[in-house]
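A quick write-up on the structure given underneath.
Chain IDs A, B, C and D follow the sequence of writing; residue 1 opens each chain.
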């Protein structure tokens, strides 16, 4: 089994330095853990993510999924800021309620040029998925040895 | 050809009332026009959309595409706040530079229960797409006569 | 947990009657099992699925995933021939070798109007996925009570 | 504007040699034309593509879209058999009737490592799309100079 080369704290420190805009408007995205070909993130319930009826916006879930895949890949291959998203696909399954969201990312393939992952998002404390995402990231030529 | 039932100003007024959170952190998303099975939106270049190297974030483009499809559908079927996104798929093609983005949405199918649309996003004044999206929205049973 | 209303044999008999074209060119698609919100299918290694280098064609995997989702949904809701695919999305992860493929389908949401599922396809006897798919099916109004 | 480096006949001859399995069960897929960043294909109406009610199967349309993108890319970059599909996404919009299908492919990005394209499929002689697809292909390192 592939083992990550960065810890949760390593990835967090890297993001703080490279992507301070992640926290624009309030710190709501958190890395819970990273593991072999996986990562878990959390998004706090926050005013700027709300939509009519008290549900959470699609874009806030899309940002969470995108970040979860990025974190999972970074943890495996090390600090490569230039990894870029090439494809993201989302199915919105249920309307999330007024609570934090948990995103579980699993890397399906970690190739030399491309990594593919899936993400399941659910409300904290619940088991049904509210959103399922898959994504492909392009990895710079010199990133993985 | 299908004709829209709301003008650009109608849709804008509806969004102002129903989705004030769209403008959280600064008003950057604008409706340029609506037409038969189509809509054009604009996203201003703004600090909160930036990523390292001066490019614009994936989530800000995803939010723009989602909104463009919502606006295009609303304009055709009238003010139905409960229309929900069921699927969104994105291909990120090029890194956008430091300028506003223009999103052109075209509805591919406007059914009784589902609407499907595609969106091409490009930097203002340029022709190459930076992002291409397709999306499906579920329409409430009583919305279209 | 949702329980299926058709057995594996029920679904097979239904497909034999309604979709004899599935077996055009030779019987290669088989239902292994159906379960709660799930199904497992198998595609035999066969000359008509081969591509240069001895790998299996993308379209043969796409047909397998589409059928796996259809079987999984049918088993849960009963014999509704008119269920239609509205969206399918595939990530091709590795080139499958010269062996049968196994497709495991899991339904992520079984709603009244839409069902969403994911499928993992791997070579028989292997654990790495060769293809991952997600799909959405529209269910006729009178199908689920 | 990018110009193709292979003619329609060049691509056809290449496919005949490299992918004879395309025609398993009867020759139904045809290249109509190739152009700058584009290609048009045709799929004959044939017994093996039919589904109940006289409509055409999803998998036959998926195979057509996959082939259309492959042909469009080949025509631009030359005979590179190893180009591989990494992602395909389909929206099924309307049920096609008992006629041939026409697929129009447009390449959205032709990069050194990845090409992204969209395909619109319609029944011959009609204008409404029955299926819309987007796809990503990985190009071997030594293919494009």
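Convention: a contact is a pair of C-beta atoms (placed from the backbone, for glycine too) under 8 Å apart; a residue touches a chain by one contact, two chains touch by 3 or more.
Bear in mind the structure is a predicted one, so any value in this text is a computation, not a measurement.
S.K.: For subunit A and subunit C, what is the smallest step count along a path of chains that touch one another?
M.R.: The least step count works out to 1.
S.K.: Considering only mean CA positions as chain centres, point out the chain farthest from subunit A.
M.R.: D
S.K.: Could you put a whole-Å number on the gap between the CA centroids of subunit A and subunit B?
M.R.: One centre to the other, that is 23 Å.
S.K.: What whole-number Å value describes the gap between the mean CA coordinates of subunit A and subunit D?
M.R.: Whole-Å distance between the two chain centres: 33.
S.K.: Which whole number of Å gives the spacing of the CA centres of subunit B and subunit D?
M.R.: So the centre of subunit B lies 28 Å away from the centre of subunit D.
S.K.: So which bits of subunit B are touching at least two other chains?
M.R.: 86-87, 89, 91, 116, 136
S.K.: Contact residues on subunit C for subunit D in the complex?
M.R.: Result: residues 18-19, 21, 24-25, 47-48, 50-52, 57-59, 62-63, 66, 81, 84-92, 95 of subunit C touch subunit D.
S.K.: What does subunit B use to touch subunit C in their complex?
M.R.: Residue list for subunit B touching subunit C: 86-87, 89, 113-114, 116, 136, 138.
S.K.: Would you mind writing out the residues of subunit D in touch with subunit B in their complex?
M.R.: Of all residues in subunit D, those touching subunit B are 89, 91, 93-94, 108-109, 116, 118, 129, 132, 134, 136.
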